[in-house]
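In the two complexes that follow, chain A is the common piece, with chain B as its partner first and chain C second.
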Partner chain A sequence: MNGTEFQLDTILQRTVEFFTFKYDFVATTLAGAVLVGAICGLLGVFMVLRRLSMMGDAIGHATLPGVGLAFLVVGHKALAPMLVGASATGLAAALLVGFITRHSRTRPDAALGIVLASFFGLGTVLFSAIQSTPSGAQSGLNDFLFGNAAAITVQEVALLAGLLLTTVAATVALFRPLLLSTFDTTSATLMGLPVRWIHYGLMATVSLTIVASVQAVGVVLVAGLIILPAATARLLSDRFHLNLILATVLGALSGALGAWLSFLFTGFSSGPSMVLAAALFYALALALAPRRGLLARVLAAARRHAATGASTPNPDDDDRLFNDQTADARP
Partner chain B sequence: MSLYSLFVEPWTAGDWMWRGVLTASLVAVSCALLGCFLVLRRMSLFSDALAHVALPGLVGAYLLTGSTGTVAMFLGAIAAALLTTGLVSGVKRYGGAHGDAAIGIVFTALFALGVIMLSAFASDADLDTSCVLFGDVLGVADHSIITLAVLCVVLLASVIAFFRPLQLATFDPAHARAVGLPVAWIFGGMMAALSVTTVASFEAVGAVLVIAAMITPAATAHLLTRHLQTMLAVAVAHGLISAVVGMYVSIWLNCSTGGAMVCVGAVLFGLAMAWTHLARALRRPTLTAPDPASFSSPPTLESP
Partner chain C sequence: MPTNPPALEVEGLTLSWDRTPVVKDVSFALPPGRIVGVLGPNGAGKSTMLKGILGLMPRDRGEVRAFGKALNKVRGRVVYVPQRSAVDWDFPVTVNDVVLMGRYGHLGLLGRLRANDRAIADDAMERMAIADLRDRQISELSGGQQQRVFLARALAQQGDLLLMDEPLVGVDARTEAVIIDLLRAERDAGKTVLIVNHDLNTAREYFDDLLLLNKTVIAYGPSEAVFEPEALARCYGGQLAVLRGADGARHMLAG
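Right after this comes the complex of A and B.
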């Protein structure tokens, strides 16, 4: 079992160690994981409602060449150039998807796939070239792919906290324009809202967030942390502001749970653990959500059946329940 | 650096170049064929999902059987692919998620599970995440090349043999169902072929690059052609060119072979996009002389 201990007392002891911050790095790790979860959850609501769910995946994969380029230019592993390079290629990928969709017959899903895979391919080329150079004895590639929350530094936590505060402030200040442009692009455009710039702003924020989250979750699975809390919140509430709050809280909880799991068991990378925690919340919500959960649906159907004595179609059933007015948000 | 040392010498230094190009070509042809149908059905991102969920399938099969034999691996990956297909439609139906969100929910959860299962419980298996993600065209075993060759031949033969049903089911599933084609089975078969191809191609180019091998050739061909036959042919050609040119580029730059192939493919897509724009610009009539033809009535159906 590869040193993985499943004795209950060991687990309890390690849990106490974790939540009382017995080791110095634990506080940083937990703070980083919670912040990453919260900010990804918050932005995820916009991404999922605007049907850009997989854009997070593309941006995440597209940060790889940015890191490689920064390494080639600077010549060593440094945080600031890596962040700049990764945000630049992440944003470039997001814009390129829009460009290809607007300027060719290629459909959004294919454009996304091409951009994702091409940027990742470019990243692998750069990384393999770096590894074959004498100075390229960098070992952080695996951390970069799957995350290592224990390696989060205080500066990164500060960066994440700043990013979260800015995003929350921007969401509160621009609540109405964001709401309108998310749910009804046409009206928003007619009312003179800069819909395209809102989209670009969102893409830039998501790129920055993903780049800042890479240390904790890695590039491959950051999409899960963006989609899952938002989808869970969507099952629990119909109100936009409640969705935002719920997704932020669920994301933060997933972050904490994931960091704890990854501290507890060897072989649990922090990124996959956080995504797995978020998936657990989603599965719970899918089963038990008050109105949309499977249990609630079965009970409602049984009640109707008992009342009428015949099976009638559920008036609350899927299509009407999820009353989608969302236009395709890609500008 | 002579032309000889750039182009010919790699072929003379052992058999690795032959094997590499053969493997890459087989992967390129299989993926390009399937990719056309995926892109036309707007399911490109499904290849992303299947490429990732193969990992939990492989690890699950290893944990159950304790072997990394080809058969167990294939069955595991196909089971994972079927599970994914089922879960995605379940999440769409009951979770109210749109297509791409449903795919994202299912594959990230399963991939996370796979990574953890691999690193926590199966670290003694001869699988590792970086190999699954990046692959190695030059290190492919004999039996894998044979599998790829058989797969490629079977796929080519089935596309040729079932061309009409595939075409009809892809472009107009409702009509296909109405004339009695087993559309669900056709799509099921396509998914099975997709997962088998993904797993077989893994070792050579890695998970993420399988996505590129599927989508980029098909999307390029989709830009340039108007018929399914030509689209398939152009996609296969695109795949083969990317494979061979990518191989050379990776030798010259001493970099990852799979990555180089993807980059060459992406450049070809960019060229195709530029070409379609250029062609449209050249065809566009000038505004100086009004073209009388443009004012004539549009073609109508035969009058009664």
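Right after this comes the complex of A and C.
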């Protein structure tokens, strides 16, 4: 099997192999990819609506030096030390962004860029050093850059499943405080909700999720899996709870599609495949979403044009949105 | 302990942004059952003062008490209506969702909405004439309708002291009338309203008392007494122009 086999029957055969779990690792791969997509999608809704999308990117990139340091300390690839290392540097990056923003004239977007680049630069240097050692070259550490869902272990699947269950349970239990603190932080604070703890809890969950996800998607593109399903869901629904559900499902589907693509075409890293699947959903929603999609808007505009061209303009046919505005403005 | 403590007491409040003082040594006390307008030129620190009172920014100095107690002891009785621009109106929530948020403070962290909470929100939407918009996503509203959504949420909170930041800016005439009617009804029910506003022309008509602010309190008292050219000139400085209309009425313009 190599990356040049694009014949239809081969693709079909490989697809059947994938979804019938012909190889032992496929079930683990698929489960891991679906879980990663689902949890990133769910948390992404909060991150996008809180305008913290790029924080996920910074945390993702910042896990790299943690993984490298863990390898240098332990001397081989082991799950627990790497999770600890990645969490430490990922969280440090998140806190550093907040610190720089509060205590300097540097604005948040620049602070994110500074932290992302510095941590990723450090990670890359560490990895170059590790790769030049005999044990490092064989370590599969490169998977952490772009992801290799096939290398997901059963322990990682268990960790991801636990994380998803906890996040879903917390989201259901704390639905209202989460909604209010995301929509209107000031009012949430004044109503006595623990806004600060909600923020830190969310950032900690996102950091843990990214750490647990980098094996499958890699540090470079994990942010895509956080932002894309949430942005797609926003195009499809105007309700908060539906955004959460849709983003979770779209994330899971992107994970499954991505894992399948990287299984089909050996050499496709799973991270880019998953993110491309998520991007495809976004593009479809952008074009075809009811009411908000480009097609729906063009059709609505054409209908208006036809109506005004054929007869006298009828304000009632005009976009419903602006009717009340004009009616309202009349004294 | 007095039988009827002021709804709001501010003593020596001093606030700064980046070490530049914006509000200096502000002191006043609001008796219950009044509508008090805060007027002052741009940059006078009106919105900053509200944030400082509510503890949304660190105070350099000063004490704030509501109903004779520290503010965090009476959170449920104090309602803040932020400027409309304070939230993202593209957020995926409906009018009904936002008005129901007024009940969240009463629910605690894990509480669920009950029929009573929904009835209170329904009543608030009815009073603000937005009941027919309840299932609209909030970006599909005019500016005036959005302001009425904020007011309905404030009503649903059922507080006794309302602090409002420019609720009349950029709204249509109907919304302005609905809001003023509401404030009078709330006052008549014994509640207290502190409202930051820009428009000098309606000040005497709308507000029982006026607080003229320019970094510090220039004048505070019943509208008729405070609204006179000398105090206004001290507050607005050169930014004030008084035009005498053909009917003899004075029109004040503030820059």
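We adopt the following convention: the second predicted complex is superposed on the first by the 295 of 331 C-alpha atoms of A that agree within 3 Å, B and C clash if a C-alpha of one lies under 4 Å from a C-alpha of the other, contacts with A are read in each partner's own complex, and residues count from 1 in each chain.
Everything below uses one rule, namely that a contact is a pair of C-beta atoms (placed from the backbone, for glycine too) under 8 Å apart; a residue touches a chain by one contact, two chains touch by 3 or more.
Small disclaimer: the values here were computed from a predicted structure and weren't measured.
Engineer: Once the two complexes are aligned on chain A, which partner has more residues of chain A within touching range, chain B or chain C?
Structural biologist: Of chain B and chain C, more residues of chain A lie in contact with B.
Engineer: Answer with first, second, both or neither: which of chain B and chain C does A:F144 touch in the superposed model?
Structural biologist: Neither: A:F144 stays clear of chain B and chain C.
Engineer: In the superposed arrangement, does A:F240 touch chain B (first), chain C (second), both or neither?
Structural biologist: second
Engineer: Touching A:P194, do we find chain B (first), chain C (second), both, or neither?
Structural biologist: After superposition on chain A, A:P194 lies in contact with chain C alone.
Engineer: Of the two partner chains, chain B (first) and chain C (second), which one does A:D109 touch, if any: first, second, both, or neither?
Structural biologist: first
Engineer: Identify the partner contact of A:R176: answer first if only chain B is touched, second if only chain C is, both if each is, neither if none is.
Structural biologist: second
Engineer: Is A:F281 touching anything from chain B or chain C once the two structures are fitted on A? First, second, both or neither.
Structural biologist: It touches nothing on chain B or chain C.
Engineer: Is A:D184 in contact with chain B, with chain C, with both, or with neither (first, second, both, neither)?
Structural biologist: It touches chain C, and chain B stays clear.
Engineer: Just which bits of chain A does chain B share with chain C as contact spots?
Structural biologist: 234, 321, 324.
Engineer: State the interface residues of chain B toward chain A in the complex, per the touch definition above.
Structural biologist: These residues of chain B touch chain A: 39, 42-45, 47-48, 52, 91, 93-98, 100-101, 103-105, 108-109, 111-113, 115-116, 119-121, 123-124, 129-130, 133-134, 206, 208-209, 211-212, 214-216, 218-219, 222-223, 250, 253-256, 258-263, 265-266, 269, 273, 276-277.
Engineer: Along chain A, where are the residues that touch chain C in the complex?
Structural biologist: For chain A paired with chain C, touching residues are 49, 173-174, 176-177, 179-180, 182-184, 186-194, 234, 237-240, 242-243, 320-321, 324-325, 328-331.
Engineer: Show which residues of chain A lie in contact with chain B when the two form their complex.
Structural biologist: Within the complex, chain A touches chain B at residues 1-2, 4, 48, 51, 53-54, 56-57, 61, 100, 103-107, 109-114, 116-118, 120-129, 132, 141-142, 145-146, 220-221, 223-224, 227-228, 231, 234-235, 265-269, 271-273, 275-276, 278-279, 282, 286, 292, 294, 297, 318, 321-322, 324.
Engineer: Okay, in this complex, where on chain C does chain A touch?
Structural biologist: 54, 56, 72, 75-76, 78, 80, 82, 86-88, 91-94, 97-98, 101, 104-105, 107, 109-111, 113, 133, 137, 140-142, 144-145, 153, 157, 172-175
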